[in-house]
Amino acid sequence: MAGIFNTNKDSIPEKLFYALFSLQHRGHESAGITYRKGSELAVHKGLGSVGSVLTPLLREPIESRVGIGHVRYSTHGGNTVENVQPVIAECNKGKIAISHNGNISNAVALNEHLTDEGSIFRSTSDTELILHLIARSKGTSFQAALVETLHKLEGAYSLVLIHEDSLFAVRDPHGFRPLYIGEKDGATYIASETCALDMLKVRKRREVKPGELIRISSSGVTSEMFAKPVPVSACVFELIYFARPDSEVFGHSVHLMRKKIGAALAEREHKTADIVVPVPDSGNSAAVGYADKAGIPFELALTRNHFTGRSFILPTTTDRELAVRMKLHPVQPAIEGKRVVLIDDSLVRGTTSRNLVKLVKEAKAKEIHLRLAAPELKWPCFFGIDIPTRKELISNKLSPEQIARDIGADSVAFLPLEDLRKCVGNNGGFCDACFSGDYPIPVEHRLKGA
Amino acid sequence: MAGIFNTNKDSIPEKLFYALFSLQHRGHESAGITYRKGSELAVHKGLGSVGSVLTPLLREPIESRVGIGHVRYSTHGGNTVENVQPVIAECNKGKIAISHNGNISNAVALNEHLTDEGSIFRSTSDTELILHLIARSKGTSFQAALVETLHKLEGAYSLVLIHEDSLFAVRDPHGFRPLYIGEKDGATYIASETCALDMLKVRKRREVKPGELIRISSSGVTSEMFAKPVPVSACVFELIYFARPDSEVFGHSVHLMRKKIGAALAEREHKTADIVVPVPDSGNSAAVGYADKAGIPFELALTRNHFTGRSFILPTTTDRELAVRMKLHPVQPAIEGKRVVLIDDSLVRGTTSRNLVKLVKEAKAKEIHLRLAAPELKWPCFFGIDIPTRKELISNKLSPEQIARDIGADSVAFLPLEDLRKCVGNNGGFCDACFSGDYPIPVEHRLKGA
Amino acid sequence: MAGIFNTNKDSIPEKLFYALFSLQHRGHESAGITYRKGSELAVHKGLGSVGSVLTPLLREPIESRVGIGHVRYSTHGGNTVENVQPVIAECNKGKIAISHNGNISNAVALNEHLTDEGSIFRSTSDTELILHLIARSKGTSFQAALVETLHKLEGAYSLVLIHEDSLFAVRDPHGFRPLYIGEKDGATYIASETCALDMLKVRKRREVKPGELIRISSSGVTSEMFAKPVPVSACVFELIYFARPDSEVFGHSVHLMRKKIGAALAEREHKTADIVVPVPDSGNSAAVGYADKAGIPFELALTRNHFTGRSFILPTTTDRELAVRMKLHPVQPAIEGKRVVLIDDSLVRGTTSRNLVKLVKEAKAKEIHLRLAAPELKWPCFFGIDIPTRKELISNKLSPEQIARDIGADSVAFLPLEDLRKCVGNNGGFCDACFSGDYPIPVEHRLKGA
Amino acid sequence: MAGIFNTNKDSIPEKLFYALFSLQHRGHESAGITYRKGSELAVHKGLGSVGSVLTPLLREPIESRVGIGHVRYSTHGGNTVENVQPVIAECNKGKIAISHNGNISNAVALNEHLTDEGSIFRSTSDTELILHLIARSKGTSFQAALVETLHKLEGAYSLVLIHEDSLFAVRDPHGFRPLYIGEKDGATYIASETCALDMLKVRKRREVKPGELIRISSSGVTSEMFAKPVPVSACVFELIYFARPDSEVFGHSVHLMRKKIGAALAEREHKTADIVVPVPDSGNSAAVGYADKAGIPFELALTRNHFTGRSFILPTTTDRELAVRMKLHPVQPAIEGKRVVLIDDSLVRGTTSRNLVKLVKEAKAKEIHLRLAAPELKWPCFFGIDIPTRKELISNKLSPEQIARDIGADSVAFLPLEDLRKCVGNNGGFCDACFSGDYPIPVEHRLKGA
């Protein structure tokens, strides 16, 4: 998710292209850009990657004052054209464009209330309901209506909006999802992660604060704390898996935090092994930290195929073993006869790990010890991370020992929850509900269906 | 526009495909199909032709009880993905899918009222507002809410809708746009023109009456006249240009009506010529009628290229002369030295005719007399036909004699309005406002901007 | 097939694009252009239509002195990339590009001889063997080698070639296939039919003579009769079906010749009918001639769909009835109760006619009399027209009366061979072997396999 | 390059697909597969990746006895459809399909001789000339003709061929390029690297020997040493850069050899640094070896974007800095204030390194020391590796010190040639001409133009 308020003649769509390109790890199923063109909002969006959907925007520079963009994977609502963001609508407040990262946890109740009142929903995403609330607000200005709306929302929402010639950036009071604001040569940049700002060489930046609403217009930048302070609960899974390693989120370097977690994992171990091997690329940073701390040689004994993944989709993705075999390749002479510590970021269903362990066994490892740079994943997320139902999560079914037997490893171990909390700072400020079940917002009613 | 209620295991999407394929002359910029799949509505739609957008639906049979489809050219609202029909929304009446042919003439007022009340509009088409009105209706059943909505609409609307397992077909009280219902082997078929029913070999059929609302469900077919009778004003331009010649619309054979118009045009003439040449294919039927009546040999001295047109789009469409030259080819030995009566359906801006006359001159015609099987086009349409603004219409700027000079013809003549009215039946029942300015519904406020 | 020798800065590829676009009825399965670029030959070719394969060449003007182009349907050799023309090769005579229209009737013998000598064939088309012969010639100049090669070829060949900066045009001594040369503003244009020259507004033109070799270079245009005169045998099927009606081929207007044939067909008749209906567009010209001569009203009671055909291909083309139904639409009110004379150009397998008659019957014709503007098709063609094997040709299996019964018509009649010969000129000059079996070149050995 | 001789009903094209998919690092500009289908050779090939060109072959199993496939990047001959392999031709020996990895160093002389004799060349690749030589051979059997042909070839060639129902595998006497043969369940597999055999779980395998010709047919596998032994000169650049790290080539593990080279590089150093950072992924293996040996912490401080590279091509690739910035991302908190040893595989033009150093500087490295796991690249390759001309190679223009200044690094150092030779085995057996200029085959005449 990104937004730009321009002060020069640079091409807004081009800048948004590069910002979104850098954020594709956050969603590569659809991409979209909206920018102000005269009094209209031009829209380019579609299913597919940033490269495939938005490259036409690079053909020639397009002058514009303000624009926003979005990349998406389906957390809430199916992967249909109707759900691709930004969402644009016209209402009594004028034309509004909005992009949303997160999940509104009281969406069902709000939705019911709105449909009772006669609202129609053309998409299944949370985002449309924010627009409905703005339209129905009696607020005397757009910003007043927006604030009134935000007061009704619960859950996770980092937002960028366009209204008239203004760009708005909003982060929910709990600060679930990251959001950054930067400035360069008079232009203002909003992005989910700093890697998007780096791509645009925007060095001057800070976090948008939890509960902050920023408005950028030709009269300048104003900031408003729209909600009473509540305890912050930033998503720890961003640090563990979701964010890009070269990004800063929540004030932390993602790569360094993962190294720290890897080191913490090693500290708990008395296991003697010959090599530490990351599952590329998700286990890379933690493996470096683990190997350093454990004093065991780091070895790149699993290589990753650059022709697979996002760019190439097999006609049948049902064959998980084949998919893993096409993507990850063990270096047999580096593995054969060795006791291998395999480092991955987390364990979800266990399917990929099972196939991975099989590959490493075929390469004749003497022992395979799978280490996860995260605690056991046991609870669903209602704040924007796509985690399967409880029944599908392997840690709700099996103990680490049982998992080891199930996937064919010699041992499996997770980072203890208290160690994770120690790594990220014991004074809280993080939501680790997917590991702990400690939801910072009541979600009992939603847990029933999860 | 088409809708099907199935009673057997035939593939609804496949049948809709062929129906829409037959209706592409009504709109080839986008195509869409929605059908009931369990309790959901599956949607396939996109910009492009029926062939390019919907062919994937032919891969395998899909069982479904009810479906609707639409082809579109932009009358109202730009040609964007958001505007592609059918439009699907969820509201307090449940899930609704709708396709609309026509234009709501009080859309602006309804839209203002709805936005005042807090509705948001995600598209610029009229269709979305019908859904808003249904959602806001206090009607105790879906059908009651639909009828309440229809009472608020003015202008032209032929509609098909899906609600739960029912298919609805509606035609506005004035009957502006055509709509047919047919039955075969227990299944019910709705289509804008009979050519779509022919394609599906549905022979038993009748017009949906102006002001009729038909509901087809597993309990059978019910019909309701939802509005008090008003004078019918069927669009005469459907007969002149828009509908396919092999169709029946408004109870008339399109081809035979055009022949009749061609004959009427010939009756007014004392011009002696050597050959009557249609501009293919829009002037074909009228030219046959003209040649017969005038006793002048019919000659196919302009041939049409089957590789141009809808299938092939030049990178630059600005070069109108080139576009005409790529599509229409004079047969010089049939034209050289001859006095040619050139028959076309109507004259809009005059650009194509100018290039056409140039081509026929290059083929060394001795004289070129352009005859239009329609009166002078002078007024905008607010009921579903895409006619340029008054300023762009050549007949608002030049007399027939001036047009002849302007486009290089030896003479230009139109069908007198009274002759057109005689052809289609003097007792009225038609809207010919684009020629006469006699709008059957007050449109003063809209004319200002036209 | 087309070639251009330029003398100004016009874009050769662009001109070739428009020439080939006009010739697509001669082949729409592949398209290719080669033009001289410095000392190299740039090539753009592929499977598909001119529009889909060659549109990229329109992006910007490309200066070049000489270029040739080709459109193809598979007469000889499968429809693979290897067979797409122009064919370019490098040999001891330098770089050569060649496009070929026709069929070499002694190809098998030449091929055997060449492979015995160690030649390799990368395609299955005749064209490659011409290059082999040029390469193996001891001729002291390229033109000498080309003439030596032509002396070895039997059968049908109209050729354009590029060698160094020269353009060559060749037509075989029998003149089987048409070939025209034109001049405009100092540039020289070669094309199979005049319609391509019309597209480029090249009005000054003549036939390339049978047995003529023309060389166009910066030193001017030279012409050589490379072979002793033999009786000319131009392909009569070009006039009956293959060429575009607005073209001139073999000195005749295609449209006027077809009208003449239609009139000849009518002269043999005593049948009284109500309407004459062409099968669009192949029967159009003959139907006009027939109706005029017979004094029966011409009626456009079958309309053609402009969304099918070349632009849209159904996933399964096996369903011939569906294919016909999607392309041709009877106008029932014009047909119902009428005695219909249906005019088509020729009868091959009878499948399309059977489906067509079915359609016209469904439209309730009282009688259907199918008339073919050609004699009975009974023999294969070895000179460039794609005719099925003898066994597949319906006229080798059934008499006209039997065909009528077989396809459901009330009668079927063909143009007698002597009438065709009278139409095109009794003094010969045409090959009508597909009707008569009188091959102008011995083909006994080939007939065995046909 | 791969070939399969089947003994069961497995789908040959599917197996070839996965083999070629694994070999795409050897060429991703085009892909092709040929397999025996009855007595014909079916061909699927095109410009693009294995995924884009060959996925249609996965739709359904295709039974076949024998097939070969190829992936290509342009060493010799442009990137045109004509040059895509396998090359298929028909000659007096029958139908032959061939794929070739390498470069024939006497191609020009052979080509001249062949064109003198009347051969034509339809492509600019070396491969076609092998087919010409086979066709012109007087050998009494195909294998005899093949051997006679091989005796005429100089330079690098690993080949797979199909003739009738047999598969042939050939490696040139110097063994420039790798080639492996494997066996599983009675089927025989040929592939350039073992990673392709791993993909197919073919564990039983050996190198095809330099100078060996293997024939696989239904009568079994036969091997022939077709040439007198010469000193082997395997391409050292395969180990340094070209081959995939998990492959074995020339009997060596690529990954382990690169680690060894990295360690050798470290041994020469007295430089004290804070972190060793690989340029992903080409510097990965060497960096692990370097860090281990130098005792400096290994750090993954440059991350690689998985959405760039082969899958996404920018409209303008001219902006090299942007291209690097989109692909490689420094982790600033891991770099800031550190003395960084940056490890890459080799230095060609220096452009990428310049941009890379710029990125690392922006991330505030205290010092940047670029280390290359290869000697200075100074000479062109005539045996299959695509190296720019001497003038373009930075090491022919600047000393390491000058390069450091030029690209903005604090120091630049290469692996000394003698160290490389020690790593791969001092007893020779390798061609390192690109570093040393010691060509194992006389190439003086070719060097002039290089």
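The letters A, B, C and D name the chains in turn, as written, and every chain counts its residues from 1.
Everything below uses one rule, namely that a contact is a pair of C-beta atoms (placed from the backbone, for glycine too) under 8 Å apart; a residue touches a chain by one contact, two chains touch by 3 or more.
A quick note: this is a predicted structure, and the numbers were derived from the prediction, not measured.
Q: Would you pick out the chains that touch chain B and also touch chain C?
A: Per touch definition, common to chain B and chain C: zero chains.
Q: Taking each chain's centre as the mean of its C-alpha atoms, give the chain farthest from chain A.
A: Ranked by distance of C-alpha centres from chain A, the top chain is C.
Q: Counting residue numbers used by both copies over all numbers at the interface, does the chain A-chain D contact come out same (over half shared) or different (under half)?
A: Chain A and chain D contact each other through largely matching residue numbers.
Q: Could you state the distance in Å from the CA-based centre of chain C to that of chain D?
A: 48
Q: Need the CA-centroid distance for the pair chain A / chain C, whole Å please.
A: Result: the chain centres lie 61 Å from each other.
Q: What is the distance in Å between the mean C-alpha positions of chain A and chain D?
A: 38
Q: If I count partner chains per residue in chain B, which residues reach a count of at least 2?
A: In chain B, nothing touches at least two other chains.
Q: Report the topology of the inter-chain touch graph, choosing from line, ring, star, complete and other.
A: ring
Q: Per the contact definition, I'd like the list of chain D residues that touch chain A in the complex.
A: Result: residues 18, 21-22, 24-25, 28, 49-51, 55, 58-59, 195, 198-199, 201, 244-246, 248, 253, 255-256, 281, 284-285, 288, 291-292, 297-301, 303-307, 309-312, 314-315, 325-326, 329-334, 362 of chain D touch chain A.
Q: Per the contact definition, I'd like the list of chain B residues that touch chain A in the complex.
A: The touching residues are 43, 45-46, 80-82, 87-92, 115-122, 124, 128, 131-132, 135-136.
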